[in-house]
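Listed after this line are the structures, all set down as structure tokens.
Below are two complexes that have chain A in common, paired first with chain B and then with chain C.
Let's look at the complex of A and B:
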């Protein structure tokens, strides 16, 4: 476990020493504060729109951070040749994959925490009663969703040799799943065979990231799923992530790496 | 004799690719033994299979057939690398880390305690003369400084076997001398050093045994002086040139 943790800490250090996170945070902060400062038509419910914008930006930013950070892990190690001194140590390829996953997931989680602290601070300016429980659940579900995103992107980083290819494909795939994923069953009904079967297969095989999106409930102050449901969702995320990491390890364990 | 490194009938084939090109045989049944305390020079022209052998020893590529072991442990097991240090020919390390952080990271991978790590880092930074730059990011280092960080990371676990892939290539004369001194020091401490090089003079100076590889086959192995006598040559370079079949051409 100490070796996995050692690999993970390097990934976390990389995130906070690169500029990506700070740029996205400043952009989110500026846009949210800009929205907060303008009160169209003197609407007392302006905070809802601000929350909506802020949460959307947090979703976009954390997805980009998670994908960009994870996508470069294995390809950049190969490109920069840092993989060789690393694998020349008594560390297995499975431990490298596990460490990379843990590092990327924790790094994304840290970024998410910073964004949520900002979100709570912004909503605290306009809302007298903060929904701490709802915010906590929302952040927790979001972090669980990021585990699947990191797992999928790490699998991509083992398959694709170029960072840019992996980033592009993962961004398209994940935003595609988020936007279309839940509608695939409805689309399948209207299709003829064999497209129907293919669409249904995709519906059941793809991870349903949208299940973890509770932004609408947070924005409209509606009740969120209970902690038991959150726990079940975590199990769903853990199962998917496990399968993705296992596939990444299967591909990486026998891969030839010539110096 | 205590064999530290053992290679038996090692064969490595690289697949021909999608265009049905024939597979490239990088190593044809290589046999090699390195015993404790030896400084072993691994020689051969470019493409002879030296790097492929090192890649197998370090677990970077799997052998097509045959076996390789370090300290009696199959190289495919990560634990086989617990007592080795490796310096690649081209040294690239995480540029966003400082040299101290890098060494600390590698020490964790070897499972060293915090106290031991602190002690090793202090000693190694002094050895490679980088104490003044230990807390600077590696991206700000010159090529020579990076090579020295590479040497420090290869020694972080106080290895019993040091594998060096052309350790002096690209170094200035001062850097080369430093590496030679370190190899000599390790030899005096009873450590085993396995290194590839194109510098015949250097190999002749520091090595007890050498092996010469050509086109994936072991052509000669033994004590330098014995090989020089056997091939009726004046020095190791002439032995090497005879083995690889070099014919001097007259300049028109």
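Let's look at the complex of A and C:
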């Protein structure tokens, strides 16, 4: 475990050394504060549209941070040839995969925490009662979703040699799932065979990332799912992440390390 | 020859760009080819293409009106595309005898809005969604207003957006001045629109209790309605019924019974419920007989 943690800490340090997080955070803050400064009918109590915009930007930013940070881990190690001294130490390829995953997931979690602190601060400017429990659950579910995203991108970084190809494909796949994943069963009903069976299979096999999106409840001050449901969702995320990491390890353990 | 420092070069190019920019702009203003300053950022950025997005913003207002519980485009594939946020403007005109029908419509609306899970995975996903149908109340209606304002900016010819924004501003939020400003903006962009004049009349009658102005506005609305071509008049007969019945009600309240009967007779010709209007006329005639 200490070896996995050692690999992970390097990834976390990389997050705050690189500029990606700062750029995205400043952009999110500027756009949110810009939206907040707009005057609609001289009503200072209007806040939901600001929450909506802020949460959308947080989702986009954290997805980009998670995907870009994860996608360059293994290719960068190979390109810089630092993978050889890393594996020369008593660190197995499985531990490299686990360490990279843990580092990227924790780094995404740290970024998420900073974004949510900003979100709560902005919301607190206009909403008298803050829903701390709801924000905590929303952030927790969001972080669980990012575990699957990191797992998927890590698998992609083993399959694709170019970082750009991996990032592009992962972004398309993830946005596709977020937009239509939930509705695939309804789409399948209207299709003829064999498209119907293929669509149903996709519906049941794809990781439902949109499950973890509870922005509507947070924006509209509606009750969030209970902790039991959040626990079940976490198990769902853990299962998919496990499968993705296992697949990444299967491919990585026999992969040539020369670029 | 001595090389000029990069900082000086930068300053030179900056000054040149600024001078050229201001000279070109002032020449263009002189020719009248520059977009007017009050046309808004959306028009400058998107041109006429902005109208495509206006409907999306009205839908966002409807999503907020339902506190986030909204069917997806896949759920709405076989349902009529009516929005509660805009429908409310016309529904509040319904008379007491239509109350039962209105309640049935509400039930149908709630059923249409509530998503139905068809398998275990959808049922699990629904546990993470808002599934209780509700409408914003208690002053929270203000949360829809930014989207309606943006929709107005995007499509200044969309009458429904003005009337919807004005309705919510004056009805539950009590922001009569802002509602009037919205309708005036609408009339500036659409000077002969009878729906805007009608809604302005409602504002003067219900919120400002100024019957004189309300009457004038509704008579103007009636005139604008009549000035349409035959096809448009046929398509908007229900609007005539609303204007005439509201005029009839106003005249009745002011004790001008002959004028009230005259307007209600006009409303009866196009009303979907002529029997109720006839009963109303009979009541006024009875009142007139008692005098």
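In this section, the second predicted complex is superposed on the first by the 254 of 259 C-alpha atoms of A that agree within 3 Å, B and C clash if a C-alpha of one lies under 4 Å from a C-alpha of the other, contacts with A are read in each partner's own complex, and residues count from 1 in each chain.
Rule of thumb we're sticking to: a contact is a pair of C-beta atoms (placed from the backbone, for glycine too) under 8 Å apart; a residue touches a chain by one contact, two chains touch by 3 or more.
What you see is a predicted model, and the numbers here were worked out from it, not measured in a lab.
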item	value
Chain C versus chain B on the shared chain A, clash or fit after superposition	fit
Partner chain(s) touched by A:214 [first = chain B, second = chain C, both, neither]	second
Partner chain in contact with A:185 - chain B first, chain C second, else both or neither	second
Partner chain in contact with A:85 - chain B first, chain C second, else both or neither	first
Which of chain B and chain C A:256 touches, first, second, both or neither	first
Chain B versus chain C as contact partner of A:20, first or second or both or neither	neither
Partner chain(s) touched by A:6 [first = chain B, second = chain C, both, neither]	first
Touched partner set for A:127, first chain B, second chain C, both or neither	neither
Superposed arrangement (fit on chain A Cα atoms) - minimum chain B/chain C Cα distance in Å	26
Shared contact residues on chain A - chain B and chain C	none
Residues of chain A defined as touching chain C within the complex	38, 40-43, 45-49, 141, 182-183, 185-187, 189-190, 203-204, 208, 210-214, 216-217, 219-222, 225, 229, 232-233
Contact set on chain A toward chain B in their complex	2-3, 5-7, 9-10, 13-14, 17-18, 80-82, 84-92, 95, 254, 256-259
Parts of chain B lying in touch with chain A, wherever the complex brings them together	51-52, 54-55, 58-62, 78-82, 84, 86, 88-97, 101, 105-106, 108-111, 150, 153, 163, 165
Touching residues on chain C, where the partner in the complex is chain A	64, 67-69, 72, 74-75, 77, 118-119, 121-122, 124-125, 127-130, 132, 139, 142-143, 145-147, 149, 169, 173, 175, 178
